[in-house]
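After this come two complexes, each holding chain A, first together with chain B and then together with chain C.
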Partner chain A sequence: MAGVTLSRWTMSYFAAALVALVAAEVLMATGFGYPAAALRGAETLLVVHLVAIGWLSLLMLGALFQFVPVLVAKPLHSDRVAGAVLLGLLAGLSALAAGFLHLAGVVTVDLPFFPAAAALLGVSFALAIFTLGRTLETAVSPGLPVRFVTVGLISLAATVMFGIIFAGVLGGGVEATLFLEIAAAGVPVHAVTGLGGWLTFTAMGVSYRLFAMFMLAPELDRASSRWVHRLGAAALGVTVVGGGAAAAAGASLTGVLAAAGIPGLAALVLYGFDVVHLYRGRLRRNMELNSRMAICALASLAAAVTLSLVTVVLGVFEEHVGAIVFLVAFGWLTGLGLAKLYKIVAFLTWLECYGPVLGKTATPRVQDLADERRAWPWFVAFFMSSWLGTAALLLSSASMFRVATAALAIATVGIVVQFVRARRLIDVTNDLRFPPGARRPRLFLSISH
Partner chain B sequence: MSTKPLELDVRPILAGGSDPFAEIMEAVAALAPGQDLRIVAPFRPAPLIQVLGSKGFTHVEESLGGGAWAMTFSRVADSGARADTAGADADPWPEPARQLDNRDLDPPEPMVRILAATEEMAAGEVLSALLPREPSFLLPELAKRGHAWRGAMTEDGKAYRLLVRVGAGREMRT
Partner chain C sequence: MTAALEQQVRDALRLVLDPELGENIVDLGLIYDVAVSGDGAVKVTMTTTTPGCPAAEYLREGVSNCVLAVAGVAAAEVTLTYEPMWTPARMSAAAQGRLRGA
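== the complex of A and B ==
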């Protein structure tokens, strides 16, 4: 059967991801981790992985399990794997969190947390990459987003491999000098391939299609977008291969990161031009909230790039790297993720509920599931707080950071409430909500057929 | 089968830097009942064998030397259960009774309009629609409602042309 049905697990991924996001924000607001604790301290690492795996990776995988079949117009290689991957990742993340808490002295039971985390996360991510890879492989004429997602998945594999080495060293089981060298120096490579390759590069590729779909803009496959892909892939290749080799040899990473940074920067600048082109070329004159809020996320990405350049030139990049990573993770990735979720949750819910009766009876429109006037203040609060948090880190003000992240947590909960309203069809008028034959959606699990 | 095979040499298209997939799908859609499709390519087009195989075609391959291949695809007579583009491909379809241009509509409006139109049409009638892109979520819904369809990107790659034959897929459902 050609075409795509709803992925059963996507809503479950989104729900678990949002719980992890709010948990991380609450931890930061209570002063857990950086800047109150060391940047590479166990508490900070816990928060970072709660955001990177618990929130961003689950969000991305949940979206890809639904979106990759749309890209290749073929069903997912296996929908059942998606459910198993979710459970495996949650178990692995719990083990990782326990390992960090053990390092921090909070958990005193001595169990093999890191080996368990490495095994669970390694196997689960590998399964996810395999399933998505097999699905991507069926693409008859792979378009630009397919090529971006492929590079993103390769970056994920590299990130996980570095992560497994770190876990082996932290858990005390791995003592080979080679791995100890990599663990000592490889953290920037792990972070760049994870945040830059897996999360940012995949988000960029997916955004080409989402922006075109949600704003009725022409699909981009022009020279600049192909160069974004080539340069970005080159930057990531240099980071993984050069960075890995330098870390293993105990050499300095500065040269490698600079060599990767130049094509990486060029890719981001070209991406900026492409996005402006998409926004200008849109047929939908009045932008929906998701498209307006995506501009704030794109501005955050631009600000993070500028901030990186300025701090490198001034020679203060190292001391501000926390602020830059925060801006990338929250202003850019989380901001874009929440803005697009606002549209995607409503669309998937609409399709799940009204798909069988479309054309047979009056049904609400997708936009009737969302009340933008109710949602926009939460989004504005979210972006303001993420920028305030970045400023707090730049100014090294731990108290200001706690205020900002508390506001961030509140704004996020406000946005999550909007998703629940869409899922529950609360904003749809009573007479249209459940026409005969419509299916009542469940909160966390989609009905796939 | 006395009909001459439809010939498509994709070498000039590939040499020009374009992807011949849309042309191939157009050619497939244009095949007369029982007509074979002969494709000449500068390499053995493995993905195409898979794609057309899933649409109920068998093939005979022939190496032309210099890396070039000629592939002759024939539709399996009883391809019903495997066809994913259409149910009643063996019979020619009637001229479309209705046309829709949904290219400039917000998703999912094209899907809503096509489903609404099929509800109003009589069994056996054909609906022709233009869409901004392949309607991934619509195709399974059409099959579920017992309609047959054929679709391909247009020659310029800027739109997707979909033909739906109302009620024609009912006997195909597995």
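== the complex of A and C ==
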């Protein structure tokens, strides 16, 4: 059907991402990785990449394959590539996990895990960037979210390049001094471009449009939001170029990261003002659960920024960097992701099932596919657990962290059950569930009309 | 005669709901124009709340199906436009009131 931009693979990305999220939370709850193991230990790196690639990157790519066509009002460059990218990323992540387990002594078979991971992840991410980039290129007048996503994709490319260097060094195949220097000192650049550039900056850009769409708030393209983009892009540019150069030269990264931190902080503060403006300007006064829970995610981002500043001033930033990264990954990115998934899963399911019969028969509304009274306790439990986990890391309490991450895993499963209920149309009243002509959605694969 | 048919078409379109907002597309201000010719051909010009909305094609087809079901309509042509862009100010006072929770 011409003009329809329903991505066939987005739901598959979400399903795979959610499995990775729960797996990472269960691993943390069992004491696998930091704080029971070293922050840069192999076990910790496995959990970190399960969250960063398996959960957050698959979530973001799945969302972008659906959302970028909305931003540019044009079809995705290639929907088939999205399926191949998903398989490649899952295979690459498996190889990477096997490599870390080999380093930890859990896997004893000696295979080229890291080179395989570098090749699979490198090619898959490159294909994703190419496909999304070609789609963004078709924008007639690139709006603010398009410009944010573009910077996010450039950050992803930089993150992947650093990752390939690390994998080459860890696998023993790369011995050039330049790459050894980058591998020794470049981890902070890899982390900032990944968590800050690819994931946070893209999420910020997408949130401008999603908040406006879901709350009927005015679309923002004002001076402050344009400065958020400029300052954020500048911060990421300094991090990649300056940080990469400093790491290659074996110099300290402190000055570069401080120079990047100032515009980065300014961008985040201005973003905060923009979000408050959007929430205040919304026409839809009764906020849906996804918008209410997004406030908790935004509060986590504000808390992470505040915590970073306080620990830098007190000279204890490195000691608490694990807690800050946890708060960014779970309180902010995961919290926002789950809150928006609650809406997006219902919306995509509605399109698949009821779109073809619209105007022919009575259909439910999107919000009829979800039961907010059933879902909100799980979201509250999720955010409370993520904040408890952050506190546990700040207090260096490994046992408290295990309790918090066990609660986090239970809350996440509770939220996933709500997604399954929406896909299965369980909360739709019997008289509206399957009108003549409506299609029964499949759980993991969208029906492409 | 054509004025009466136009009104019947507009009334019928109130049965088509925007899935996200749960309001009918007439009160949301998504129907920009309904033109009826003497031979029963109806041309509808409409928009969606956001350009590139994945529901756009379904809404367009839904409107076409709905118009064709009105007695006296011989043909329906539905055109999507984003000139001008839709804004919440296009909603009827009643729809705005409902979305505000009043």
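The criterion applied here is as follows: the second predicted complex is superposed on the first by the 445 of 449 C-alpha atoms of A that agree within 3 Å, B and C clash if a C-alpha of one lies under 4 Å from a C-alpha of the other, contacts with A are read in each partner's own complex, and residues count from 1 in each chain.
Please note the rule applied: a contact is a pair of C-beta atoms (placed from the backbone, for glycine too) under 8 Å apart; a residue touches a chain by one contact, two chains touch by 3 or more.
Just so we're clear, the structure is a prediction, and the values are computed from it rather than from any experiment.
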Clash-or-fit label for the pair chain B, chain C on chain A: clash
First, second, both or neither for A:Gln66, with chain B first and chain C second: second
First (chain B), second (chain C), both or neither touched by A:Ser12: neither
Superposition-derived comparison: chain B or chain C, residues of chain A touched: C
Chain B versus chain C as contact partner of A:Ser141, first or second or both or neither: first
Partner chain(s) touched by A:Ser207 [first = chain B, second = chain C, both, neither]: neither
Which of chain B and chain C A:Leu283 touches, first, second, both or neither: both
Touching partner for A:Thr150 - first (chain B), second (chain C), both, neither: neither
Which of chain B and chain C A:Leu358 touches, first, second, both or neither: both
Chain B and chain C contact sites that coincide on chain A, given as residue numbers: 1-5, 69-70, 73, 213, 216, 283-284, 347, 350-351, 355-356, 358-360, 363, 366
Parts of chain A lying in touch with chain B, wherever the complex brings them together: 1-5, 69-70, 73, 138, 140-141, 213, 216, 219, 283-284, 347, 350-351, 355-356, 358-360, 363, 366
In the complex with chain A, residue positions of chain B that touch it: 19, 21, 47, 50-51, 84-85, 104, 106-108, 111-119, 132-141, 143-144
Parts of chain C lying in touch with chain A, wherever the complex brings them together: 15-17, 19-22, 49-66, 80, 82, 88, 96, 99-101
Partner chain C, residues of chain A touching it in the complex: 1-6, 66, 69-74, 209, 213-214, 216, 283-286, 347-348, 350-351, 354-356, 358-360, 363, 365-367
